[in-house]
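The structure under discussion is supplied below as structure tokens; questions concerning it will follow.
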């Protein structure tokens, strides 16, 4: 039987299939009876689910990040879809088609990775090429880089989202740079590649998306800067060269300053032209990805406006069909 | 005799040629003797000039914005070049080669204008094309649009600077838009064309660059929005169409929100995707033009850093030659 | 039978009369049964209403903005009154006494309008008088001006509220101006008249109070400024005069700067004395109207304090009876 | 011989008369010769003065705050008038006409004081009347209250300026209050009377205007609040009544909150309607007095604009003559 | 029978004992049946309690601040413990052991008070000693000082909390001061003693913790400053000395500036070295007490992090056991 | 001949001795004659110096950072001492007593270093001890650590200033920690040791104090964090242990968060108790050192106040002698 994706469910539709579970809680209702609350998702989105009259055993039988097999009914509640489950149990491996749970399919990830390699291996500067190679040939790093999300909410919050964001940003960088001959496009491309590289360790994404301890305490900006130190030393060994210290400094500066403002966690403001461009296009790409998502997921089909979002202090205009 | 440009003058060099005058003042020194202080410029830059033992008559003989013929000596003072003049008098029209005083030559302006027309006349949307035509066929507007600066200091502060800024931004918009299919590139291009159109009346640029009264009290953002109202009605007459009110609203919104923050004088935050892109690339283009200028004009040749600039709260990195 | 107003309802009181409906929603409860939630109001205030076991048909039978006939019981819930309805249906026109739903009665609006006309037609400056007349003789504008609210919440959020606010502010302006001879009282009065004139198009108030699309994207400040442009040209035609451009500029500036701060959506700070006074008394009048309302509507009769309001970052002192 | 006031002096005019001295300094020039620099003022304004080739004895012979007899020549320097003195010596008492140095003449102060008494003695509330009387019958307080300035620069910075400001504000309060019946006009009037009463001790004004030590460390807001405590106890003794504690609290709150924002040194935001009005009209009156002064004193007669003032982040519009 | 403290209750545990009641409300559920909601506490913490099917009589039978005898069952709800009560009635005096409801036991308070006295009576400066004595011998003040909390939430929010905070801060002051010989330790100790002395009147703590009217309108900072004025005059009488006005001013300044920033309600920034130290250690002590409490009370036993707290804009790290 | 220190010079005093030179400039005066301007310092302070009628040769003969032999006369100018030199030439090594130019004498640095070693070698935690040893046995690091300043202006801006600041802060940490048993004193001590360790590379201090390129682009906070990474790996090798990753993370967090606010360049807020204490005492120590210096160096001997300092937005109280 083919799957009904979360984004396709209708009010009162019967459901009998596998979801990814997260955020489980066992809670009593006002009569003191327990119910299980859990979030269910697939690659199309996520929704809350409740199972009435649950037991401690039901709660213990599944873990956040498990694939679970659910029987129940979809219901519209306060404008959003939720699931009322009759049963929830851990799925058998044979029941799961992993591609149902990936925003990016394996082939798409592969294609993005090839575009990344092609661009980076076109770099002509000897030290930059050697540095890039130190990352590209680090299988552990590259494996994580291709699976990491770019965030846990807002923009590119899915496995492979980091790669997606970086490859798109490289395209933008290559389109913009020729308009500004004073900008060194190779430095800029390496900056794009590295700017969020700390996210491979800032975030957990094997199952749930979450911040790691180190991600919360140190942050991906400083994690990426310290990693760059190590990779530059590796590049020196690999390429038999002394990595130019000014160049290393400029690259580290691009990483540190790419949030553009101290208040956004960058300990330095952009002080080179390449850092200015990186921080500008990163902000634009993140805003476009995030706003596009907010418009697309807006549940209020009748309105030309999304709801008001406090974190961006505005509503967004969805426009008129055929406009 | 060929000219020595301001940017080429050396300490103790004799000078005997025409400059553009501005900011004249007659002041007494400590002994009570009067001297004339005035700024002299050509297309390469500007410098202060002093003529000792000046009289009220010397002061009255020239106006700000005049071309003046100056004899004197260049002198390095506190790291900057200044001129000590023996005589300053109004230049004869025959002495002046206007091209020495224009950052953009007539042919360059012409070429920029042609690129502008080509891009705008490629727009396919009927109402957008009709609207654009209402501006392009307004000779008074277009004449001012091609001569206006984009600002009175910082970025693109020269005659033709507005046109230069807009054409470059159109290039950037056309390079960036294909990476974001959800962005309507024709709306974006019209937004780029119009966003600073209020500057034709916000600034005075016949002689000195300065704000007009209306520029200071109303500002180019609202001036452009009200002009757009009138041009949309013109377009309706011209093209025998009812201009779509939602489209007019979106264009006006792009103009109003293009500074990106209330604190920067935009009465609305960007609420459409095109407004987000416009405000992002406008900010990037302005920062790159301004920072590139600050680096280029930095008088401190020995340092890898510019001085600290309070308005951007940072020094800029000039880098190492051969880096 | 005479009406029980919302503000008069008691716990457990039976209700059987007409209300104005808004904000309707059909929602499932935890057992999956649907209920209808809707807000009911009259001129004394509004309250939420729920009808259990509702159907899609019940939901479709009424529209936001309809007068509805409701049978049910008032109930105190979490300190606020709500209505549990047995039936809700669209009211017959004959059942509705519109005056029950208007904060200002027709005669009060008429009286306010006459005070407005009297003040404005006392203006002696030729161009100001001609300009004012261009608004006063615009029946569409004046009809909207007399029905528009001044906001959708906080101060003067009712039909006729804009007129009420403007007439009161004119009184204050006329009381204050004589204390400051350097302030031009006629400019100030016209500024008061025009400062919120954009609200006639920023807000919808035929049924529900809401922002229009243009209100959200452009805002009443810029709407009023562009309208002023058109009206000044009308005045020129009407009065056979060239409207003094400096005067138009000053009036537009008063409109643009009347929120007093960039962060509050004014693209310019007050730079004339009349603009300073307008922004000061507008802020005072709005604060007094809003705070008086918050104190009056405070449900907590036992306390000398209102609750804490995050948007004004304070509690308000209600004082002691007989104090 | 009749006096030339500072505001009337012309370039190269000979001067031979008495001024008030302040801010004296003895400084070497580049040749190591000493000169005396000092500010000279009368009721029309102030200007800097220099005496070349001065000695330690010249410096010691006069004190800041002295009346001095000066011979010299007025000179325009960088757009402002200054005096080059041949001699400066302490004036004989007989040479001084004190009225030349007072912005307000004795009779004007007397008239203002009578208006203050009339208004305050019209208060009907028993406790408020008793409280006010405790201030009015305190001769030391009233003497200082009638001589104190309202500030050391900006608005009302002259002896009697506090009284001037308070009496004008009472007029505004009485004009505004009838428009808002919910505001208690007598509380408001007492709040106006007391709000800056701490300035009698915050400022020194016997000779130079300056902050006292306590003014700088404690501030007039808290000084006024503590004084009010003492006066309320006095009023109790005098009027044989128990001063209502809630009323005392509300008055003290008006004093504490009258700057309107924590960032402006008010430890509390206005939480009563009277406190809202007091803080609004005080701000308006101060801005109007200050901006009017900046416009009037603007030395640049050719411009329709004042210079840019960083502390108010704007230029001011002076307008067109005959406008 | 020995007591089960709030912090010790387990899911489904039967309860049959006395609590302190606060925050009572009578509310209808969706079926229109009333229930009683109330907070129950003892010295270990507090929890919400609900009694279904309550009546107006149940509601009226108890007051906030009463000791109540409760029968019911503890239940975990949304990660927090709550009580479902079968009956709630006012406790008999004989049922109450007051020590169960005090964070600090009588003997602990006594010991803290003795440490306070010992430190303060070791002060050698004559005027400081006399001033301190004016407080210490004021039995009403000292009684309140030893019972007042330091706040109504966050740090030291329990009876005796003010004393606890002050004595600990004196220890810190005495430890830190010797590292900075330029700091006058006796001034600093008196500043510590007085800085929060206004809290004896800012807060109510006989039963519930709450702000008094005066606390909300005036605030403890100004209350303490005005009290200090009176005590200094008392000290003068008592010790037959003229209290040095500069010293009084410095002490008052320490009180006024101890919040360290205008935005935190201090009308002055610290301008003396002692004021700098006081504000620094007060902030550190408050943060440590508050953060330690947030970590200790974190209900989420499985996580190494507390939840995110918006008021401090961060999560806190609880660490790893055995770390 | 014994030396006159900069801080001891009197007006008109003859000078004939060695100074440290910095900030040299060759400038023309108004007559076009060149003069040399340079700053001269010794351990007591610094002052500007001018030599009239200088030549390019004079300018080229000395370098910033040289010891120079100067003949000239001290002169008070605008309240500050300056030197008018007759001759300036490079000093012979034999003429220089280096101890005249060091705020801290060699023996004082040695003593501070021993206190540092004693405290750090008392640490009992195995991994912390191993980590500390990796720094202490790094001679290059320790040599720089003992010579580095803590800043280039404000607090501890002299060679050895970093060591001085750290050792004093360790004393404070050890005094404060026992008052808070929940704080781990050993973690805190290591945090104090490491928090500014990046300053050894952020600043240049062989001759002039200045920021290095890397200091400006990366900053000492991130430099210290990356260094810590390397030292932890060294400690693992040295001590044959796996450095606990949580502990490394907490230490790195203390370094990153020690400025306490994002706006001050910390990319993370303090989230552990030790980080809270470190950032509080570091701020207090820096403020006390800086304010004490501002008070001590205040040239205005007659006033009880320093001047107003914009960067701290206040004047400081110097107090009354004998107070």
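For clarity, chains are labelled A, B, C, D, E and F in written order, and residue numbers in each chain start from 1.
The rule we apply is simple: a residue touches a chain if its C-beta (ideal position, glycine included) is under 8 Å from a C-beta of that chain, and two chains touch if they have at least 3 such contacts.
The shown structure was predicted, so the numbers you read here are calculated from the model rather than taken from an experiment.
Visitor: Among the remaining chains, which ones contact both subunit B and subunit C?
Guide: Common contact partners of subunit B and subunit C, which must touch each of the two, are A, D.
Visitor: If you take the chains that touch subunit B and keep only those that also touch subunit D, what is left?
Guide: C, F
Visitor: So using the touch definition from the top, which pair is joined by more C-beta contacts, A-F or D-F?
Guide: Higher contact count goes to A-F.
Visitor: Fitting on CA atoms only, what is the rotation between the copies subunit C and subunit F? Please report it in degrees, nearest 5.
Guide: Fitting subunit C to subunit F on C-alpha positions yields an angle of 180 degrees.
Visitor: When the centre of a chain is set as the mean of its C-alpha atoms, what distance in Å lies between subunit A and subunit E?
Guide: Subunit A and subunit E have C-alpha centres separated by 44 Å.
Visitor: Indicate the whole-number Å distance between the mean C-alpha point of subunit C and the mean C-alpha point of subunit D.
Guide: 41
Visitor: With chain centres taken as the means of their Cα atoms, state the distance from subunit A to subunit D in Å.
Guide: About 61 Å, centre to centre.
Visitor: Please list all residues of subunit B that touch 2 or more other chains.
Guide: 213, 216-217, 246, 250, 253, 271, 315, 317, in rising order.
Visitor: According to the definition of touch, which chains form touching pairs?
Guide: So, checking each combination of chains, I get A-B, A-C, A-E, A-F, B-C, B-D, B-F, C-D, C-E, D-E, D-F, E-F as the touching pairs.
Visitor: Across the complex, what residues on subunit F touch subunit D?
Guide: 29, 73, 75-79, 84, 304-305, 315, 317
Visitor: Going by the contact rule at the top, pick out the subunit B residues touching subunit C in the complex.
Guide: Interface residues on the subunit B side: 213-214, 216-219, 221-222, 225-226, 229-230, 245-246, 249-250, 252-253, 256, 262-268, 271.
Visitor: Considering only the defined contacts, which subunit D positions touch subunit F in the complex?
Guide: For this pair, the touching residues of subunit D are 25, 27-28, 30, 32, 213, 216-217.
Visitor: Considering the complex alone, what residue numbers of subunit F touch subunit E?
Guide: Answer in residue numbers: 168, 171-172, 175-176, 178-180, 182-183, 244, 246-247, 250, 253, 269, 271-273, 276-277, 280-281, 283-284, 287-288, 291-292, 312-317, 319-320, 323.
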